[in-house]
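Across the two complexes that follow, chain A remains constant while its partner is chain B and subsequently chain C.
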Partner chain A sequence: MNKYNQEKILDIKNLSVTYHSGGTIVPAVKNISFSLQKNKMLGIIGETGSGKSSLIRAVNGLIKYPGVTSFEKLDILSKNGIDNTFDFSKMRGKELGFIPQNPFGSLNPVYKISKQFKFVNKKHKLFNKDQLGNEIIRALTEVGIADPERVSNSYSFELSGGMAQRVVIALACFARPKLLFADEPTTGLDVTVERQLLDNFFTLVNNNDMTLIIVTHDLGIVAQYCNEAIVMYEGEIVEKGSIEKIFLNPEHVYTQKLIKASSEEIS
Partner chain B sequence: MKKLAEISNLEVKFKLPNKELVHALNGVNINIHENETLGLIGESGSGKSTLGKALLGLIEYEGKINLFQRDLDLNNKLLIRNTRKDIGVVFQEPFLSLNPRMKIKNILAEPLVIHNPNISKDEINEKTRISVENVFLNTDYLEKYPSQLSGGEQQRIGIARAIINSPKLIILDEPTSSLDLSVRNEILRLLKNLQMELGLTYLFISHDIHTIKNISNRTAVMYLGSIMELGETKEVIENPVHPYTKALLSSVLSPNPKIKKTQIKLKGEIPKVTSLPRGCLFSSRCPNPTEDCKNGSIERELIEVSSNHYGDKCCVNCL
Partner chain C sequence: MINLIKKINKQNAPVILSCIVLFNLSFGAFIYNFAHDPYTTDIIQRLSPPGNGFIFGTDEVGFDIFSRTIIAGKIDLFISLSGTLVALLVGLPLGLMASDKTKNADRIMKVLDMFQAFPLLVLAIVIVAMWGNNIRNVIFAIILINIPRFTRLIRSEALTVRESRFIEVATAMGASKTRIISRHLLPNILGTLLAQASITTAHSIVVVAALSFIGIGVVPPEASWGSMIRAGSQYMMTGQWWMSIFPGLAIFISVLSFNTISQYILRKYEQI
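Entry: the complex of A and B
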């Protein structure tokens, strides 16, 4: 029992997110509790407005006013008592990685890609100057970039959507965070590109002792790559379990509907 | 089978500010049959939407487009206007394609008034009422604004607007890709119903194979502004002949964790549309291209591989 507790990398109890707009309060995430063990790959599935993105943003301390996060317990990487005043920036990059949906929104257009890796290096003191160049090339190769020299010497706007998203993944994984969050990392990419990118990405996560939480509305990604899944609906978790349980024997009516919709023949 | 549209050797080029040419369509030959749903599938930049725009007479092109037994002529404004009356369009982003400051009834009345200047008020009311009822919304919606509607309802209004002039052909440009799974299926069901009731013909543009499988009778696979494969949807999905179609289909992730597919990987990335490969358009990614494919002297055309199933001549011969 104790052993399992130690392996818990994330433990959340009664986490809520509400947005205050005008005089009204909109609840986005309602009293969610769950925990995640080390080296698991968790997929959070839900439709628009189900609160899936708000949930992982809250865990990363990224909800700013008019959004308000509250929780009874939020333990990340066994750091107890993270409260609302906790400075997440100390954990970001090194311990928590975050991959957002739109790569161009998170790459700085005025710096070359290599420079953006140098920023990460400076902040976390990962490699010395002699190694750094090679490490950047290695990080880019790892995510399946065939010509890493060109890419590292480019600006973000010179890259295709697929390439830019690979760069974002490489950047997020550069400091080898223990817990990685990905918010719809492949939405907007073409299927052939998406598939190659996912293959590279999950190999990277597997080989580097990382734990992953991926938010997506694409059931296929979760069914094929993850080992646990959470289904969200209107800010609540309606079902949680192994991939086999969720996709082959879903219990909740909503999950059943969702799975059916993904493979339904329309006559 | 009656042909509603005949497109031959269609080429579209756009000039960029730096004088480079974007080769958006490179010799497209395709017919649209009456009362069918023709699916266009392909990745970003493959020219799917450009083909739709060319049919609407919205962009300049080379080649020939014959719509409803008349040749389209961009200089003949009256002809274009009359042709557009027979074509409905539904766009990808339902909210962005509805004017936020107009009530639904006015949004629906706009195309009616444009194409029938002498229409009476009563007739407008009658037609808008029928058209919202056709998309299974009640008449209360006529008094609402787009922002008061959910994404699925907005797309229903988009469809109601497209059918209001009783068009022959409807171009659906990714009508379901911004919608959630459950809503997507509702819209597809609605489209199928309308097609049967009103005898419509659809050109359905999508990048989602699941959607195409559910709605199209025939499917054309596009790559770099050219059709790589064309056939009955079932046949194209179950027995693809073109390596690109095979790669595309193998990339789709199944929501059943027991079905594991290995991706057939293509080398490289899609070439830039400003610098196309010489010779066969697929040559830069083909697993075994010949010298001829790479350098040049090949004819770009579709050949029949089995009954009503066509593949790009160069690629079918290579493999």
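Entry: the complex of A and C
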């Protein structure tokens, strides 16, 4: 299939994010442009503070004052007319999914896990009441939770880090968003748990016709699971392209250093 | 009933006791048949000590102190509870608005700063002196004193909760602004809020007593703990201690009861 025939799911032109604090303006993302085709998996790589989290927050409309987002064109799922006053809440959940960094903080401590699924269900009217219980169990099983009944009846603080992150992923995928963003989904997990979780996660994404943008500083994850990658440095895209191009033939000095550093770490 | 008694344990016994005390003080006036009417004087029996017919003794005009101490609870607790409740209801939306990072939020906080620059008790006295000496104005003063407290507390609590990740996730899942406030923000600050409401009520009892002690707010012959202490204070030196001690004790145990309940709410809330 010719790639130009494929549907463009995300098209960004000159997107900037700045933070205003006490009279000084700190740019986090500087004039970024890129686009993404449907069913691709894009990895955004960069060191801490390179603006990768700010970038995907901005695309989700989650940047709040004192952060300011500006762009020439932001085209999500071929919807034109997204401007600075656009109400993202219409798209959220069903079309845009977001998986944040810290799994514990991402779950409201006053509700049981099943209740949080019910909130998503109520908002997007996915299943009727008789199905819902089974669907919650199925969603939890999908992300590799061995005892879904117990987990759905627990509070977030009763779960381990890996479990909580699986629940967050299951919640974000519950409404089957077309475009899913994951902001360092495996931070703070040990390597074996991380591998299992990512395997489950990527199977889920592949089986449900989702497009994924994953932010990480782990080159291994990107190399193994993604088709495309973007390398960010100090708020700018220094390199973008297919995985093969970036890993086998990196052009930018920073990318070369990054790959060299991670291969040294392995050897 | 037996099941209820079985549930009493070391932890909740003080709370149950506090509730019983507060119930008796607030509704005692409607329940009990007093041996001596709280509003009729018995001038022959004036200044008689506790015992022989008068449980708490009588005051300088022959009022029965026991029935008046119970009856005063009705009015004093009503003023402090209703004042606190209204202050909470006004402070809650104000605090939530002030926790938003907007220009209006800054304005709200500036007005509150202005309010808090006054000593609160003096402010209450000024309000009652300005608008007339009646119970409605005392309640109004209590409300005005407590709104800044609630607003500040709710703002600071909401600020921390608002920053938490799960609010952002709820937004990313498509929850509306009102839904986030009602389903995610409020349940997370509710425990602190109820505990503060209980403490504030206790504090309001003291303020009401202080106001009626200096002779504003509730005026005789209507009974109130503050005015009873005031009346008794002249007789402390001559040996008639019972006139001030019993209403003082009533203030003490009602404040203690509210604080116990507040502690209990906070502890329960921290457990979940």
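In the analysis below, the second predicted complex is superposed on the first by the 258 of 267 C-alpha atoms of A that agree within 3 Å, B and C clash if a C-alpha of one lies under 4 Å from a C-alpha of the other, contacts with A are read in each partner's own complex, and residues count from 1 in each chain.
Rule of thumb we're sticking to: a contact is a pair of C-beta atoms (placed from the backbone, for glycine too) under 8 Å apart; a residue touches a chain by one contact, two chains touch by 3 or more.
Just so it is clear, the model here is predicted, and its values are computed rather than measured.
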item	value
First (chain B), second (chain C), both or neither touched by A:His252	neither
Which superposed partner A:Asn60 touches (first chain B, second chain C, both, neither)	second
Chain B versus chain C as contact partner of A:Ser263, first or second or both or neither	first
Partner chain in contact with A:Ile221 - chain B first, chain C second, else both or neither	first
Partner chain in contact with A:Gly97 - chain B first, chain C second, else both or neither	second
First, second, both or neither for A:Pro109, with chain B first and chain C second	second
Touched partner set for A:Arg150, first chain B, second chain C, both or neither	neither
Which superposed partner A:Arg176 touches (first chain B, second chain C, both, neither)	neither
Partner chain in contact with A:Lys13 - chain B first, chain C second, else both or neither	neither
Interface residues of chain A shared between complexes with chain B and chain C	none
Residues on chain A engaged by chain C in the complex (per definition of touch)	60, 62, 64-66, 89-94, 96-98, 100-102, 105-111, 119-120, 123-124, 155, 168, 171-172, 175
For the chain A and chain B complex, residues of the former touching the latter	47-48, 146, 160-163, 190-196, 198-199, 217-221, 223-224, 243-244, 247-248, 257-259, 261-267
Complex contacts: residues of chain C adjacent to chain A	101-102, 164-166, 168-176, 179, 183-184, 187-188, 272
Of all residues in chain B, those that touch chain A in their complex	43-44, 151, 180-182, 184-185, 188-189, 192, 207, 209-210, 214-215, 247-248, 251-258, 260, 263, 265-266, 268-269
